[in-house]
Amino acid sequence: MDKAVGDLATAVAGIADGMTVMIGGFGGAGSPIELIHALIDRFLATGHPRDLTVINNNAGNGHVGLAALIEAGMVKKLICSFPRSADPVVFTELYLAGKIELELVPQGTLAERIRAGGAGIPAFYTPTSYGTDLAKGKPVAEFDGRPYVQERWLKADVALVKAETGDRHGNLTYRAAARNFNALMCMAATETVVQVSRIVPAGGIDPETVITPGIFVQKVVEVANAQQEEDLNRANAVYPGVA
Amino acid sequence: MTLVLAIPKLTNNQIAWRAAQDIQDGAYVNLGIGFPEKVAQYQPPGREAIFHTENGILNFGEAPQQGEEDWDLINAGKKAVTLKPGSAFFHHADSFAMVRGGHLDVAILGAYEVAENGDLANWSTGPKGVPAVGGAMDLVHGAKRVAVITDHVTKDGKPKLLKRCTLPLTGVACVTRVYTSLAVIDIEGGHFVLREKLPSLSLEELQAVTGAELHVTGPVADLIVPEL
Amino acid sequence: MTLVLAIPKLTNNQIAWRAAQDIQDGAYVNLGIGFPEKVAQYQPPGREAIFHTENGILNFGEAPQQGEEDWDLINAGKKAVTLKPGSAFFHHADSFAMVRGGHLDVAILGAYEVAENGDLANWSTGPKGVPAVGGAMDLVHGAKRVAVITDHVTKDGKPKLLKRCTLPLTGVACVTRVYTSLAVIDIEGGHFVLREKLPSLSLEELQAVTGAELHVTGPVADLIVPEL
Amino acid sequence: MDKAVGDLATAVAGIADGMTVMIGGFGGAGSPIELIHALIDRFLATGHPRDLTVINNNAGNGHVGLAALIEAGMVKKLICSFPRSADPVVFTELYLAGKIELELVPQGTLAERIRAGGAGIPAFYTPTSYGTDLAKGKPVAEFDGRPYVQERWLKADVALVKAETGDRHGNLTYRAAARNFNALMCMAATETVVQVSRIVPAGGIDPETVITPGIFVQKVVEVANAQQEEDLNRANAVYPGVA
């Protein structure tokens, strides 16, 4: 068993039109820039994949990564908690023009829905959003005298994830707060594709320090000097080049 | 009702200072993005609070020197932070387990409006533009104390403390204490209960810029804050 | 109906061997406590399965030498195990997320009874004594394939493959394949579908010791297993 | 802030009559033997605490640890998945005599209920136990055409936990498969009391390798050479001495 794949194009080859794609990261921390850009490359070359539903905490920043994916016209719907950033112009313009759908989910509920999807829990109750506009239409139930909102799991066809170290079994570690949604999305997708800073042999990660066990991972690709969304945006980068 | 307040009021730094005085040694604290982040600067000497950020860090410290940022080490406001000894990383589900599960001692949040029944509106000013909620709706549930820091009135002088919120709610009956530019007010039994006010301000003056009745159930202390 | 089977049948080791042949390279596998644990011994050469144990290990290996046990390194049956390169530890909630969330390729379990609709009874023989369920009810949900290995009949010759289970259920409509001492049988559309049988056994003889109709929808292969 | 306490008696001082106590471990792995024995010592000296509801995966083995707690007559009710062991005689005899209550919970449901208690999720749906005797009386709902059973969170007044390394903030690592229920129970108790093999200064645990963040822990006590239930039972040990 070797889950390592040799190049980014192969890594993202499983994403097809209309799929739901989870993309890890919180802002720029843990955002799998190279995987996203490889997907844009495929779209520019072939016209596919398109009409994607993307699940991410945010809606992209500037003109790289998720923002570039949206700008390329590949995204039909976004499920996120906070579609604002330093430079959210790409999403904002499409949204205000009615050209992209938005499902707004409180951040903790988003995390728990993804974890539920990975854990085989089809629905759960949370106090979050009770009595607010974001609970409209959702079932409500009382437990021990307190009202709660019923939320459903979230699953995806593919998850694009950024981790730090991976082995050929797909065991992963992360770097600092880049763990965020990445570790959850690994659990909730039919195919989890991970870019790592380095691939080590099986046994190269202490089993005590594995954060994502390999069972949740299908493909691992090494991107040795991964770009950081924040650095790219501070340099006013635009993908795939001149806008 | 657009009277402009002619009396002195606390600066944001001073409101943050006052809120910081109520954070006990060893408390686990989440500070909302923006204004509430200032509270961390005013921890009383000898007390050690542990700060939590939704994106998966416990016990982070202040911002690094410019140029030394690590953009994988950020807070919920996406600002670079540093680590203190005894920190921990975790994923978003564990992070919100801490929030929702009642493990935080206090969450300190900003507000557009607070109602006397504890309702809070701090995420949306209405249907215009792109809506964004982040962790606001989670933070109002679970923390043992949910405190708000805010100017007492809006920029054009309207009360932010109201009988009922008019803006979209963040949470129902969730706020337990409000630190404003004029007063410290608890929410108890569906009422605003005045605890402290600026000594230069009469109760009547304070009531005039408050959108619901201020109850006085015990001594009202002077709200005294250092120059900052 | 207590006929004693006079014909040859597979040993438990041989049943385990047969089940092991269907485990693909790279498969994630949970083996129930006891008899199913034998399946691990018969992995075909060149294939690498990753074994999961409910108590929080992926990719554990065989038992250590006697005297070299580490009692913090045990499987769900509380037997000492060893680690293989590329293993991982995790807590019980993550472990059952793997189970319930559909991440295992196959779970191989023992059975008291299996019904033609896929119902399984393998945790309780009735109200006597102390009930104990462990992870049995979780393992029957989530794995992409839930297979049973079992003698074809009870010790006193009664069918274990039935129209409906008579003992308390472990799970409803969960079993997809049964490896018995006499045959390999799939469960499809609420029926037992015969795939392989011992060549020395006629279909009629097999049907006679099976408590529900055996359907034949395609070729029935000879069940041929080495001496073990 | 220093969560370290100097001795076992202080560590378990918060447990009172009638409380619900989670005890970590799976069989002997991760069983906090010394904390349990300290609790028995207090009971033998004072007659308290008694009438405890204990949550553990098992029901004890032999005459040490949880089995000794039960044998001492301190436990009114047990919530567990598998009350059998190599030598379950203590629980078995009391149960068959009707002197101890048992709530039997499937192991994965037990884990998820504890995690839900820690995560502020009052109820969730699971496929586990649907259509079985263990689902009797529980609400059932269908999601996407499949039936699920509603399960409630589990919380405790106190959790007794065994970990490997702890710092004064309560950050913890575990040892091998001794992590099991321990890491979950830390989340679900009002007071989590942990015995660790060693206490290190703050900063002594790499933040990347912390398994239980200190926010879930209230007391840490060092037990340098902790006993293993399995070793004790193989030596036919009896606590608190001759039976």
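We call the chains A, B, C and D, going by the order they appear; numbering starts again at 1 in every chain.
In the analysis below, contacts are C-beta pairs under 8 Å (C-beta built on N, C-alpha and C of every residue); 3 or more make two chains touch, one makes a residue touch a chain.
By chain, with names taken from UniProt: A, D = 3-oxoacid CoA-transferase subunit A; B, C = CoA transferase subunit B.
For clarity, every value in this text was computed on a predicted model and none was experimentally measured.
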Pair sharing more residue contacts (C-beta pairs) when A-C is set against C-D: C-D
Rounded Å distance, subunit B centre to subunit D centre (Cα mean): 37
Where subunit C and subunit D are represented by their mean Cα positions, the distance between them in whole Å: 30
Between subunit C and subunit B, distance of the C-alpha-averaged centres to the nearest whole Å: 56
Multi-chain contact sites of subunit C, meaning residues that touch two or more partners: 57, 89-90, 93, 96, 99-100, 141-142
Contacts with two or more other chains, residues of subunit A listed in rising order: 112, 115, 119-121, 126-127, 174-176, 207-208
Chain-level touch network, classified as line, ring, star, complete or other: other
Pairs of chains satisfying the touch condition: A-B, A-C, A-D, B-D, C-D
In the complex, subunit B residues that touch subunit D: 25-26, 28, 48, 50, 52, 57-59, 83-90, 93-94, 96-104, 141-142
Of subunit C, residues touching subunit D in the complex: 53-57, 70-74, 78, 89-93, 95-96, 99-100, 119, 124, 129-138, 141-142, 168-172
Subunit B-touching residues of subunit A, taken from the complex the two chains share: 26-30, 57, 59, 81-86, 88, 91-92, 95-96, 102, 104-112, 114-115, 126-134, 174-184, 211, 228-231
Residues on subunit A engaged by subunit C in the complex (per definition of touch): 1, 115, 117-121, 167-169, 171, 187-188, 201-203, 205, 207-208, 210, 213-216
Subunit D partner contacts - residues on subunit A that touch it in the complex: 112, 116, 119-127, 141, 143-144, 146, 148, 152, 173-176, 207-209
